[in-house]
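Two complexes are shown next, each including chain A; its partner changes from chain B in the first to chain C in the second.
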Partner chain A sequence: MSEAAFIALVVVGVQLMVPLLLASLGELISERAGVLNIGIEGCMALGAFFAAVAVTSTDSLIAGLALGLAVGVLTGIVLAWLYVGLGLNQIITGLMFTILALGVTAALFERYTQSAKGTLAPRLPIPLLSDIPWIGEMFFDHSILVYGAVALVPVCAWFLKGTWWGLRTTSAGENPSALDSAGYSVRLYRSIAVVIGSTLAALGGAVLVLATSGRFVSGMTAGRGFIALGVVVVARWYPGRALLVCLLIGITQALQFQVAAIDALESVPVDVWVALPYLAAVLAVVIGRRARYPSATTIPWIGQKG
Partner chain B sequence: MNAQRHEVPESDRRPRNLVSQIRRIGGLLLIVIAAVAIASCGGSDDSSSGSANGDGGGGGNGDFKVALMSEGAKNDKSFSNSVYDGASRAAKEHGLDMEFVGSLVTPDEFLRQGNSFASSGVDLLMFIHGGMAVQAREVARRFPDVTVCVGPVQPTPEEEKTDPPNMCYWDVQQQDGSFMAGALVAMMPGVDHIGSVNAFEFAAITRQAEGFALGARCINPDIKFTQTYIETWTDTDKARAAAQSMISAGVDVILSATDSAVVGIYEAARDASKPVYVIPSYFDAYEQAPDVILTTILHNLDGAIDDLITQAQGEGLEDHAVLDYDFVNGDVGKLAPFRDKKKAIGAENIERWQTEIVDAVKSGDLEIPGTVTTDPQLGSVGSGTKLDPTEFGCKA
Partner chain C sequence: MRMDSTGLASAPPVAVGSRRDGWWKAAPVRAAVRLAGALALTAGLMSVLVIALGANPVETFQALWQGAFGSPFNVGSTAIVAAILVLTALAFALPYTSGFLNVGGEGQMYVGAIASAGVGLSLAPSTPVVVALLVSVAGGVVGGSLWAGVVGVLRAWTGANEMITSLMLNFVAFALANYAVSVLWPVPGVGQQTQPVIPAARFPELWTNTPLNTAVLLALAVAAGVWWILRHTRLGFKMRVTGLSEGAARQAGVGIRGITTTTFLLAGGCAGAAGAISVLGVNGALYNGFSADYGFIGIAVALVARSSPILIVPAAVLFAALRVGSDNLFANAGISPSLGAVIVGSLVITLLATRVLRPTAGKG
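Let's turn to the complex of A and B:
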C-alpha cells in the first residue's frame, strides 16, 4: 500500500467514525443511567432530516447544527417520558420509535425535501499540527465537526467521572435505590441522561448531513445507531474506549474502499470486505461478552421518591 | 445481555393505580400503532402521493389503473424520480389513474404492497426493481387479470417457460449509456484513470460499471479502471468514502452506479485537490452539483415507462411480453447536455465522440455488448476490463 493510500485510509476512517462516535457517546450516557435507548437510530434520522431542512433553507451551518440539536432535545424529552415517565419496555419502545422516525423522515423527505444543497462544514487544518508528516494529514486536517466530536470524548468522561451530576447519573443506572435513599430523583437523572443521549445521537445524524452531503437522503443513517449499541458494550461504557472502537470500525469500513490500492488483496471477493465491519463487530461483542451492563439497565424505576 | 438485574426492593414499590396502568399501555399502544402505520405505508416513504388524483398523475378517468412500486422516493433526483416522471406523463396524456409507492426496501414490502394494489383492481402493476421478479411472479399467479411487469431485468430461459402469461418484463440496456460516457471521458485530456462507485453486485448495476470501463478502453486500451461496491443506495457517507479513496488513488472521473447516495460522491469530488468529475445516472442532476457533474447518463427510464404504460393501456401487452429498450430503439443512454464542461472535454473531442461512438452505435458499426451476448457477459464483475473492445467495432 502506498503512502497516499494509507493516509487516505485513515482520513476516510476518521470521517466515517464521527457520526458513529456521537451516537455511541449518547448511548453510553443513557445506558450509564440505566436506560437502554434502542431508539438512537431514530434520533439520528430525525437529527439528519431537520439539520438538512435548516441548512438547505438558510445555507447556515450553525442553523443546521442548532435545529439538529433542538430536535435531539425534543426527541429526548419524548423518549424520556416513554422510557422513564411511563416506564415502558425500553426495547420495544426504542424499536418502535426507530421505525416511526425512519418512516416519518422518509415520508417528509418525499413531501418537503429541497433539491438545493446546504453549506458543508469546511475543512479546518490545525496550524502546526496539520504540518506533521502523515499524522497531520490523517488527524489534524478535518472539519470542525470531527474535532468537536472527538473533543466530546474527554468532556463525557469528565462529566461521568468528575461531576456530581455524572456520578449520580451512573448511580441511577447501577444502584437507583441508593440514589433515591440519598434524596435524589432517579427519574430526573435518568430523564436528563436520555435527553443528553438523544441529543448527541441527533447531532450524529446532523453531522452526517453537514459533513457529507449537505442534504438529507432517506435511509442515510444506515443502521449506525444499532452499531452504536454494540460499540458501547465493547467499550464497556468508557468514552475513551468508545473512541477507539469507533475509529477501528471506521478504518475497517474504509478498508473496503482501499482494496484496489493493495495488490495483494485485490483478488479477495468484495463480499468479504463488505461483511468485515460486521464480522469485526460480532467478534468484538464475543470478546467483550463478559461486559456487565449497569445493574439497573432496562428496569424502570418505580421507587417512592420519583 | 450479561446483566446483573437490579431488583427494586418490595418496600420501594408502590402499587400502580388504574390510571397509571392505562397510561403505560396507552403510551406503548400509541407508539406501536404509529410505527406500524408508517411501516405499512411501504416501509417508509409515502404511498399514493403520486396518484393521478394527487400531485401530478393526470386526469384520472378511472378506466385504466396503473400502480408502480419502487425502492426510491419519487423525488430522489435519480432512478425513481425518472420512473415517476414517465408514469406521470403517461397518466396525464392518457387520463389514467396512477399510483406510485416509493422507498420500499424488503421483498416482503414489495409483495405486500403488490398484493394490495392487485386486489384493489389495478390493470397494470409495475415492480420497479430488477431483483423482485419472484415477488412479481407470485402476485401475477394470484391475480391473473392483472398485468404484472418487473424490471429493469431480462427473464431467464427457465422463467420464460414457467411464468404465468400475465407476467411481463421490461429492461433498459444501461450499459449503452455508460459505454458512451466511458468513451467520452477517455478522450478528455489528462484522464488516464477512471472509477465507478456501484451500489450492489447484480447485472443491472454491474453492466453499468463494466460498460463504462469497456467504453473507455474502446478509446484508450490502457486506461486504468477502479470500482467499488458500497452495498447501499442511500448511504451518502459510504459513497463519499469510496469516492475519496478512489480520488486518492488518482481517479479523474467517477461514474455513479448507485442511487441517491451519489451526493456523497459530489462532495468527495469537490473536496479533491485536483479537478475530479462525476457522472450520475438517470436524472439530469446538474443543478445539484454544477461544479463537478460532467454530464448525466439519461437511461430514458421515463421514456421507457411512459411507452410501456401507453402500450398496456392502448392495445394491451401480449402474453409473456418482454420490452427491451436500448440506445437505438429508445434513446437509452443519451447523455445530458455538457453545459459548462464543454471546455474541459474539448470541442474537438465532443465532435470525435459524436462521430466515432454515437453515430457508430446508431448505424450498427459499433455494437455495445449486452448482458447475455458475450463471454464473460457484461453483467459480471471484471468483464469490462477483460473483453476486447475491437471485437465490437472499436478502432483502438
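Let's turn to the complex of A and C:
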C-alpha cells in the first residue's frame, strides 16, 4: 500500500468516524443512566433528514445543525416519555421507534426530494500540528465538524466523572434505589440522559449529511446507530475508548471507498468491505463479552420496592 | 352435606367489585377500551402524517383496505405475505420463549432466500417437481438456520449479546445478497436480480390468477410444528423452562448451551423458510431488496400474538394486510409505501403505551 493511499484511507476514516462517534457518545450516556436506547438509529435518520431540509432551504451550516439539534431534543423527549415515563420495554420500543422513524423519513424523502448541495462545513487545518508529516495530514486537517465531535469526548467524560449531575446519572444506571434514597428523582436523571443521548445521535445524523453531500438519501444511516450499541460495549462505557473504537470502525468503513487505490486488495469484491464494519461490530461484542452493562440497564424504575 | 351447625362453612363469597364498581371497570371492558384507544391513537398519528404528505386521510385508509382485500389478486398477495410474516414471527417468538432476543430475522430470511435461489437455479431443468421444490426449500431453511446458528453459538459459548450480534448480521446478509445478484448469479444488463429458479422449484399455485400458492400451507405447517414442539416435546419444555428461569433450568440439568444453539437453529430455519417462499413462491428469483422489512414486521407480529404460534397466524394476516395495502397506496392515493412501516411502528408503540401488550424483557 502506498503512503498516499494509507493517508487517504485514514482521512476518510476520520470523516466517517464522526457520525458514529456522536451516536456512540449518545448511547453511552443513555446506557450509563440505565436506558438502552435502540431508537438512536431512528434519531439519526430524523436528524439527517431535517438537517438536509434546513440546509437545502437556507444554505446555512448553522441552520442545519440547529434543526438537527431541535429534532434530537424533541425525539429525545418522546423517547424519554416512552422509556422512562411509561416504563415500556426499552428494546422493543426502541426497535419499533426506529422502524417508524425510518419509514417517516423515507415517506417524506419521496415527497420532498432535495437537491445536492455539497459540504458546507469549512475545513480548518490546525496551525503547526497540521504541518507534521503523515499525522498532520491524517488528523489535523479536517472540517470543523470533526473537531467539534472529538471535543465532545472529553466533555462527556468530564460530565460523567466530574460533575454531580453526571455522577447521579451514573447512579441512576447502577443503583437507582440509592439515588432515590438520597432524594433525587431517578426518572428525571434518566429522562435527561435519554434526551442528551437522542440529541447527540440526531446531531450525528446531521453531520452525516452536512459533512458529505448536503442531501438526505433514504436509508443513509445504514445501521450506524446499531453499530454504536456494539461500540459502547467494547468501550466499556468510557468515552475515550469509544473514540478509539469508532476510529477503527470508521477506517473499516473507509475501506470500501479507498480499496480501489490499494493494488493488493483490488480483486476482493466490494461487498466484503461493505460488510466489514458490521463484522467488526460483532467482533467488538464478542471481545467485550465479559463487559458488564450498568446494573439497571433495561429495567424501568417503578419506585422503591417494599 | 351442609355444615351450618358446626359453623365451619364459610359465608358465601361476595362477588368482587360487583356493587361498588361499575361494569366499565371489569377487566375485559378495560382491555377493550385500551385496545380501542391504541387503535384510535395510531389512526390519529397516521392522519397527521398523511395530511403532512398532502393527501386525504379517509381516502388513504380506503385505499389501504382496497389494496389489501379489494380484489382476488390482492387477497392472494395478502395471504402470501402473511405466510412470510408467520415464519419471520416464529423466528422471533422461538428465541423469545427461551429468553433470547433474535432481531436478526431479516438477515436470516435474506440468507435463506440466497440459498434457495442458489439451489433452485442450479438444479437440472429435468428435476422432478416435488424433488426440486423440496431441495430448494431445504436449502433456504439450512441457510437461514446456519446464519442464526452463528448468533446462538456466540451467545452460548462467549456470552456475546445476541440482540446486538443478530442485528449486525442483518447488514452482512444484505451485502451477501448484493454479491449474489451482482457477481454470483447475475442477469447481464439488469444487475438487481439473480437468474430465475427452474419452474419445477416454484411452489404450485393454489388459486388461479392470484399469487396464492402452496407456500401458505408450508407456513401453516411450520406454525403447527412449532406449537407442537413447544407444547408436546421434551425440547420445547426445556426451551420454555430456560426462558422462565435460566438458573432453574441449569439446576434441573438442562444444557443451556445446547438449548441456546438449538433455539437459534430452529428460529433461523423458520426465517430461512420465509426467504425460500419469497424466492420460490413470489418472485421466482432473488431480488436485491426484496424484503419490505418482513423480518422486522415479524417481530411486531410475534409481540401482538404474545409469541403464541397459533395466534401468530391471525396477527400475521393483520400486518400483511397493512403491508400489502400500503404497497398499493402509491398507485391509489399517491402516498409512499413507507407508510406501512410507519403504521406498524406506531401501532406497536401505542399498544405498548396503552398496556395492551406487556412484553417481558430479554436476558440482555
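Keep in mind that, in the parts below, the second predicted complex is superposed on the first by the 290 of 306 C-alpha atoms of A that agree within 3 Å, B and C clash if a C-alpha of one lies under 4 Å from a C-alpha of the other, contacts with A are read in each partner's own complex, and residues count from 1 in each chain.
By our rule, contacts are C-beta pairs under 8 Å (C-beta built on N, C-alpha and C of every residue); 3 or more make two chains touch, one makes a residue touch a chain.
Remember, it's a predicted structure, so these values are computed and weren't measured experimentally.
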item: Joint occupancy of chain A by chain B and chain C, clash or fit; value: clash
item: First, second, both or neither for A:80, with chain B first and chain C second; value: neither
item: Contacts of A:16 with chain B and chain C, given as first, second, both or neither; value: first
item: Partner chain(s) touched by A:92 [first = chain B, second = chain C, both, neither]; value: both
item: Touched partner set for A:213, first chain B, second chain C, both or neither; value: first
item: Chain A residues touched by each partner, larger count belonging to chain B or chain C; value: B
item: First, second, both or neither for A:302, with chain B first and chain C second; value: first
item: Chain B versus chain C as contact partner of A:54, first or second or both or neither; value: neither
item: Chain B versus chain C as contact partner of A:196, first or second or both or neither; value: neither
item: Partner chain(s) touched by A:180 [first = chain B, second = chain C, both, neither]; value: first
item: Touching partner for A:111 - first (chain B), second (chain C), both, neither; value: both
item: Segment of chain B intruding into chain C (one of 5-13, 23-31 or 275-283); value: 23-31
item: Shared chain A contacts, counted only where both chain B and chain C touch the same residue; value: 82, 86, 88-89, 92-93, 96-97, 99-100, 102-104, 106-107, 110-111, 222, 271, 274, 289-290, 293, 297-299
item: Contacting residues of chain B [partner chain A, same complex]; value: 1-9, 12-14, 16, 23-24, 27-28, 31-32, 34-36, 38-39, 41, 43-46, 49, 72-77, 102-103, 105, 201, 226-238, 240-242, 244-246, 248-249, 260-261, 263-264, 266-267, 271, 287-289, 381
item: Complex contacts: residues of chain C adjacent to chain A; value: 49, 52-54, 101, 103, 154, 158-161, 163-165, 167-172, 175-176, 178-179, 182-183, 293, 296-297, 299-300, 303, 335-336, 338-342, 344-346, 348-349, 352-353, 359-362, 364
item: Chain A to chain B touching residues, read off their complex; value: 4-5, 7-9, 11-12, 15-16, 19, 34, 81-82, 86-89, 92-93, 96-97, 99-100, 102-107, 109-111, 113, 115, 117, 120, 123, 174-177, 180, 208, 212-215, 217-220, 222, 253-254, 256-261, 270-271, 274, 289-299, 301-304
item: Interface residues, chain A side, partner chain C - complex; value: 36, 82, 86, 88-93, 95-104, 106-108, 110-111, 222-223, 226-227, 229-230, 233, 269, 271-272, 274-275, 278-279, 281-282, 285-286, 289-290, 293, 297-299
